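Next up: the structures, one after another.
Two complexes, one shared chain (chain A), two partners (chain B, chain C).
Up next, the complex of A and B:
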């Protein structure tokens, strides 16, 4: 009980201080006005539509990244020659943030969904790849040898031994990748901002609130929504991790 | 790295360099051929044009000026974040009360990406220096705080008990036992924080700063100078890579015991 009070103390104090400090100016967002704005934006359907657009882009990009990165990671992790030869490319592109590529991607794909999906896929690709490689390399070699000795074919070996053993690392990579992807989509939509028309997702909504309607309450609502979605995405993958590989759950 | 003979080590290193050059040469060749096949040079300039643009922006000082601004912002904001987050993280990790007190504010704020603060920060700070510094500070703060707290929390209890038995004061225990034991985890989180901040600086400058590498990319995109855009992107990647290497080196220097632990 006492601990709960301690945990609640600062959030409540901060919210109160915010409410009191901001009540002097008419424009400044306050917790009460933010809640009103959130209710209005949910009722009008703007917020759910924006979130759905962004989430759809994230899932498309994330799925693309997973489909590319997991098989490549498995091959790179299990065949040393492939890893040695591809590693320079991976190490050269990994430090380039997805957002830095945004101007190029706008040039190639425009400002619509395609560009957003490409940014997300690039952002999520490297965490998934790196973790898959590491997971495959960490497999106890005796497990693979034992399966080999027992005459298990290469494909079955991969399905029965390699995949389950590497799965925890792959899922951790996906969890990191999904978090990065969500940040990347917000950044991309923000930067595209005014350039794209209509359906721009939550990031563009924020930019429009900033640049055109100067609706600070709306910006704060979007920020909170971004945080909640990030938390839910992370929790759902953590849940998947615990369900799929209970033996490695933290 | 064992001491199994220097020549062998050298050969291995040299082989790695050879493979690196071969892969990158192949990549550049494919890129060049692809650029030849694309009729519109604005869409995909050849690597030669990019190298030329890189050289030009290096020679007229634009690259170094913008990179210097971005790196300075990175340094200032990460240093500020570290000054605040490391003591706070140590307190969180060592004291249950502080940990409980800060848990919810941190857990509530952390999921909101630094980048999502950009519109509000634009409104508060306007376009200029303070916006990217705030965004990077915020981005670097949470990894540092949580990494330090985790490091301070996982200090071997027997070490602290031993220090206490020998009559050391709380402050001395903090300095002599907790900080060195938590240092490896602090250094790892520092690398994460710098990497995240470096991503955030590009986003922040892309939207709301009149200078820096992110601004330069966006500016040259609007001028349709694709080779220069690519040159600046490459510069961002290289600087990100080099800062990470520098931090790794600094980590080995500051906490050689962390390296031994990592290898174990």
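Up next, the complex of A and C:
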């Protein structure tokens, strides 16, 4: 009880200070005006629609990235020749931020959901790939050998030893990838076609608030919503991971 | 005690025969010789232990028997047929146990029956029955649904042993299986190992065991014969017949014959062991 109070003390003080310091300006957002704006945006349906649109794109992009990165990572992690040849390619693309691909993506895919999904998939691809490779390479070699000496065939060994042994690392990569995907979607949507209300996603809502209505409270509401969703995504994924790989739970 | 050549001449019914086995690692220009010119007959149903100072290539020998490594020179045969790669008739117990962390005790023990040839021709019920029997044999009843990380070192060792037994291999290859355990647990599990191997049964019903250890008293206590290797490179130094009566127990450990055999083996490797430790 006391600990909880202590933990809450600092945030409450900061909010109070913000409220007091900003009260002198008519346009500066304050906690009280932000809460009002959040209530209005929720009531109008814009905020839930925006979040839902963005989340759908994130999941699509994330799923695409996983489907591509996990099998590739398994092959790269287990076949040295493949890794030697592909690693330079991966490492030269990896530092290119997803947002830097935006001009090309817009030229190729337009400014709709497709483009946003592509950006997200690109961003999520690398953490998943790199963790999968690392997970496969770090497998205790005696596990594969144990199955080998029991006469288990090569393909079965891949399925029943290599995959589960690398699974904890793969899932960690997916958790990081999902976080990155959520970050990338905001950036992607800033540049994806303007739409009224929540149809363009949360990033597009921020852009509209910034460029057209100059509604600072709305921008802050979006920022807070993005943060809360990120936290919820991470926590629920962490929870799911602990269920999926009970053996690697500490 | 006999030397290798005499053994070769007198034994004709070898289960496994190693002739002039050598193994080198590294670049062909500057190879590191791990094992050199090792000839040895392993008799059916015998408990053979291999001791030697570190660097004598014990584990390399076991890995070659398992088919996980190929000898650079020489030939290896099992029942007269050359050994090429691993086979389900040779079960391996690894020093680190190599248990699958994502499988429960039951899942680990049944692994070879489910995914390997050991379970071919068995119904699901028969497999379950086999797993249940082995679990009982090694004293793991009640822990079937636990994961390896929830078990003590001694329990994990039992799981690894049970997994080996469940596949019913003709030959058991064991690489320092008790090395990671404390002294008391080791003694208990040595007794148990002999019971499971079948030291109370007639020799014809026993499985062939090749057992690597760095502990001389363990080697003597368990074995029908102790193979002593020298190091750098690993070469056959001596083969010592252990004629201590079976079944063996604590009385064996206290007997003069046991102490004499341990002392004799220690004398033959002490110089190298000192050199390995001091340099």
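What to note about this one:
In the analysis below, the second predicted complex is superposed on the first by the 239 of 250 C-alpha atoms of A that agree within 3 Å, B and C clash if a C-alpha of one lies under 4 Å from a C-alpha of the other, contacts with A are read in each partner's own complex, and residues count from 1 in each chain.
As a working rule, contacts are C-beta pairs under 8 Å (C-beta built on N, C-alpha and C of every residue); 3 or more make two chains touch, one makes a residue touch a chain.
Please read these numbers as outputs of a predicted model, since none were measured by experiment.
After alignment on the shared chain A, the placement of chain B and chain C results in a side-by-side fit free of clashes.
Counting the residues of chain A that each partner touches, chain B and chain C differ, and the larger count belongs to B. In the superposition on chain A, contact of A:92 is made with chain B only, not with chain C.
Judged by the touch definition given at the top, the superposed model places A:161 against chain C, while chain B stays out of reach. After overlaying the two complexes on the shared chain, residue contacts for A:240 are found with neither chain B nor chain C. By the touch criterion defined above, A:20 reaches neither chain B nor chain C. Once the two complexes are laid over each other on the shared chain, residue contacts for A:191 go to chain B alone; chain C is not touched. Contact with chain C, but none with chain B, is seen for A:148 once the two complexes are overlaid on the shared chain. In the superposition on chain A, A:39 makes contact with neither chain B nor chain C.
Smallest inter-chain Cα distance, chain B versus chain C, after superposition on the shared chain: 10 Å. Touched by chain B in one complex and by chain C in the other is not one residue of chain A. For chain A in complex with chain C, the residues that touch the partner chain are 140, 142-143, 145-152, 156, 160-161, 164-165, 167, 245-248. Of all residues in chain A, only 3, 6-11, 14, 84-89, 91-93, 95-104, 106-108, 182-183, 186-187, 190-191, 193, 203, 206-207, 209-210, 214, 216, 219-220, 222-224, 226-228, 230-231, 234 touch chain B in the complex they form. Within the complex formed with chain A, the residues of chain C that make contact are 66-68, 86-88, 90-92, 94, 96, 98, 100-103, 111-112, 115-118, 147-149, 167. Those residues of chain B that touch chain A in the shared complex are 16, 19-20, 22-24, 27, 42-43, 97, 100-105, 108-109, 111-113, 115-120, 122-123, 198-199, 202-203, 206-207, 213-214, 217-218, 220-221, 226, 229-230, 233-234, 236-238, 240-241, 244.
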